[in-house]
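Following this line, the structures themselves.
Next come two complexes, and both contain chain A; in the first it sits with chain B, in the second with chain C.
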Partner chain A sequence: MNELQANLSAMWASTRMRLVTISRYQGQLVSEIIFPIVFAAMPILLGRASGGPNAEDIFAANTGTRNYVAYMLIGSSVFSIVSNAFWHVAYWLRREQEVGTLESLYLVPTERSWIVAGTALYSAIRSVASALVAYLLGSLIFNVNPLQGEVGLALLFIAVGLIPLYGLTFVFGAVVLKVKEAGAIVNVMQWGVSFLMGIYFPVAIFPPLVKAAALLFPPTWMTNGVRSALLGMGFFFGKWYLDLSVLWAFLLVVPLVGLWTFTRVETSVRRNEGVGQF
Partner chain B sequence: MVGNGTIQTKALCKTYITRQRKGIFKSTQQPVEALKGVDLEICTGEIFGLLGPNGAGKTTLIKILTTLLLPTGGEAWVNGFHVERQANQVRRSVGCMLMGERGLYWKLTGRENLEYFGALYHLSPQERKKRSNEIITLLAMNDIADRTVETYSSGQKMKLAFGKALINDAPLLVLDEPTNTLDVPSASELRAIVRQLNQQGKTVVYTTHIMLEAETLCNRVAIIDHGQLLALGSVSDLKSGLQRDQATHFEGVISSNAESAVRSLPEVLQVSRSQENGATCLTVVTSAGQSSLAQLIDTLTRHGALLNKVTSQEPTLEDVFIARTGRTLAQDTRVTI
Partner chain C sequence: MKQSQTSSSIPVLTALSTFNAMVRKELIIMARYPVNFIASFAQVFLIVAIFTLAGSMFFNAPEGQDALENASTGSPSGVVVYGFILYMFLSDTLWTIGYNVRHEQVQGTLEQLYMSPASKFASLVARVANTLIWTGLLSITGAILMSWMIGKLPVENPLLGLYLLIMALSGTFGIGFAFAALTLYLQETAQTVANLLQFAIIVVCAIFFPFSALPEAVRAVSYILPPSYAVDAFRSALMGFPPGFPELLPFEIEFWIVTAFGLLMPLIGYWLYRRAEDAARKTGSLSAY
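So, the complex of A and B:
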């Protein structure tokens, strides 16, 4: 095997190892399917209780779609992908550090970026699968058609959006490695990003500064892309390919920033106390 | 590289910056020197023992040699590769068992652990399977290899951690207290495997708290304390060096007053105190050999000591350790960071 093949093989081994591990925690998988449905159910039921007879019209005036049920389900499903990305990568590093396996990963010739990439791939497979099942199941429960609109385009927005999302988790993984505190950082990030990406509402209603901040995060473009593709709402730039090209730009830049930050922090940690100390 | 050894270090230093907490909000930074200019050469094909109490600097030294830490000064080469500039080549050429059972994935089986680390050491899928099977057979773990690690006993986990160090079939093995938590027959079995691997050509760096283990297993040992190398040589050389500086063991009721009186004698080099079966044991190393025995007994008894047993025998590695460091290996010198 040449170096690239060996690293790819190590990356896949990391993905596979984590899939095998999670298959031994089946309750966790079930909870990941239930959470997005519960998260969507709260605003859906609140809307039904408080919106009155013309609730759908008011919602359509603000968002561009009358289908607030699918809107919420898409928001909570994409949020579960974003939230899992932070927990599975940033928190994973901390967990490995605490249980003692992180040092073992620093003793091998495979660069950590390949191992982290393997973990990101595992996380993507796990969270996209559970988000899709949650969306389909939620649609069934609330009696809406899950496969309306352009399903292929929605999947394309998810696929392209995942890479910069995981690039972002590299940055926060590095922060966790340095400050040795995962829970608070991941919580702040997942709720901050979920608020900015518009889990329950369109980012158009934000004040200008908050809206500008929201547009700096790839998950905002991913969520809006999926909603627009499935529910026929407007894309930020009017055309799907323009919004997608912004995600492509994120795809090219964010992973490199993530990798650079991670490598810098890693060297700094090795220069002082090492990765094993927690 | 400057020599032909498997491991070479030149004036290796490591300083940690630690944070001293003072109450809720205040903290100050304080440097802690873990290694102070260590020069060391470990030859190809030897079993090299690294001895030192907790906090002496041996784990820091090992972590630098295995690329987990970067030194703050000096240089080190492992298998001809520079630990900072050629870290990946170093990692490829070393098999490590550093944190015992903590380095394993407990939700995976023993076999899955070995195959996963095989992949991270860049073995092909066929090589991983073959090598894992060989290790499982070598360590007689066939019965438990397909059970998850969480169901293993502590000793079985240590065995698997040792097996993990063998997965890349590296020419150098770094083993940090590999017999910890093993029962006596398992520890003896593991030492036999280490000897066998050494006879097959592997160089072994072995840290242990068990002096007898170092005496029986190692070709050469280094004693490290407070970040400095205090002694280096073959076990027999170190012991014969102590012949002149005779070690005598006193057992009984010995007050600290009596101990201080002995310490103040001009020919006394080191005194170490420990407790055994309720009695105080004093190991006294003198430069005058047997001729000072009468004076030592006299000094102790004059200061109220009641002696049950006085032995003056062939020095052990423990005596060498006491002579060099002034205490037993069990005494902790760790600096908490």
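So, the complex of A and C:
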């Protein structure tokens, strides 16, 4: 019990330290709120201009909802959560490598998984808060009701989806440890993620193989769950609890796979050039 | 030895030699990270695919509905593709110079660089030279991909388009210098400001959509920014001036605004940079970060 308390305390210390640090950079927080709004604004404005008066009808025929503004805003807000998860974890590792403190972390008496969990918790708090503010502010700017549909269910999809998402970041962290070039990898990854999760479009339009790949990806279920809960477009399996149970399955499997991958790569890197090398 | 004596006695040749050496150095550093090259190609493909699919939610009307019947975009592919190309160049030019100054600060090599007799101007421009070549290749790839996915891309007045692209780039070089000056003052906050500026450019300069889609209040801001005219003139010229284009001002006026932007902004930007640099050297903050 004492050990658990000590680990939790270390985890929370890591989270709090990062939250305190980021609170010094308000501009960065503001840009995180603006990012999803601008990101949603591009297809919204393009759609308004190119679709003409039929924009809503055509969009509804393609996606199942006439509310393309909320659809795009939800996509970009969930994407910002996903993208931030990858950026925060990858950059944390990379920065520790660059400033020469990653190896020192291996010498502390706390299990590394608790320190990583602290970073993940910090990232989740930061990205979910900014995504929620972005969604509310974006709805206000584009004049749509942000609290339509099942808000609680949408939040539940986000909460459950966060755990497999951060499980995936372990895999990603392993890639950063191995390949080193975090910036390039994160850039491709974030666009790959946004493509697969259907940031601006339903994954139903993909060819079968790409669609299968997208459905193996937890953020796809998260995005569709939030959209369906708020806009009533229809869950993949028809019922919300069936889609949520898929996310629960991801919740159980993905973190274990992520941890296993990370540990294997980490061991290999430590045996060879060492984790501090960049 | 003889050659170096000759070139050092002619300032232009010395500057060119410095520029060449710096470009080579940057190229060697870039080549050390092959994943970056592959990743940026993959990134362009994904961006193109995402925006194309997003647009198709509005362009592809099912059951015989004509989505573009009442549209005000001219050619949707032209607006998106040419906006995308210009944005890639603008964002690289705008950010790369300041980012490199910051990087030298963080590495602790900025002061050493200033102690060398090498041309500061060549040093700054060299940072972007490789990026521009690379961005050019990416733009061509992106344009081909996008036109393949969205539809035939109109390519009218290519020489005029090239002239406008060069002027727009030259103008953004100037903004890049000014931004590098700001980096010396803002230090860590510079990256955040760069991000915000990029967002602002995307929206206010109507990069991925026509200006007609912008609310009146935002369009009023577009009118006071020269890059907006660069975007408008560039895509209007390449689309062959379809009805409603250019959207902001008659083309003749936009042409001269873009030309003035391309000629004057580098001078203003570099002047601002030298002032910021002098101030930083006097206060001893050049290497502080």
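Following the convention adopted for this analysis, the second predicted complex is superposed on the first by the 277 of 278 C-alpha atoms of A that agree within 3 Å, B and C clash if a C-alpha of one lies under 4 Å from a C-alpha of the other, contacts with A are read in each partner's own complex, and residues count from 1 in each chain.
Simple rule for what comes next: contacts are C-beta pairs under 8 Å (C-beta built on N, C-alpha and C of every residue); 3 or more make two chains touch, one makes a residue touch a chain.
Just so we're clear, the structure is a prediction, and the values are computed from it rather than from any experiment.
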Three-chain arrangement built on chain A, chain B and chain C clash or fit: fit
First (chain B), second (chain C), both or neither touched by A:253: neither
Touching partner for A:115 - first (chain B), second (chain C), both, neither: first
Touching partner for A:51 - first (chain B), second (chain C), both, neither: second
Partner, of chain C and chain B, that touches more residues belonging to chain A: C
Chain A as apex of chain B and chain C, Cα-centre angle in degrees (nearest 10): 80
First, second, both or neither for A:100, with chain B first and chain C second: first
Touched partner set for A:271, first chain B, second chain C, both or neither: first
Least C-alpha distance (whole Å) that remains between chain C and chain B when both complexes are overlaid: 7
Shared contact residues on chain A - chain B and chain C: 25
In the complex, chain A residues that touch chain C: 25, 27-28, 30-31, 34-35, 38, 41-43, 45-55, 57-59, 61-63, 68, 72, 179, 181, 183-185, 187-188, 191-192, 194-195, 199-201, 205
Touching residues (chain side chain B, partner chain A) in the complex: 16-17, 63, 66-70, 72, 88-89, 91-92, 94, 96, 98-99, 102-108, 112, 115-117, 119-122, 124-125, 148, 164, 337
Touch list for chain C against partner chain A, complex: 33, 35-36, 39-40, 42-43, 46-47, 49-51, 53-63, 65-73, 76, 79-80, 188-189, 191-193, 195-196, 199, 202-203, 206-210, 212-214
Contact footprint of chain B on chain A as seen in their complex: 1, 6-7, 9-10, 12-14, 17, 20-21, 24-25, 99-101, 103-111, 115, 267, 270-277
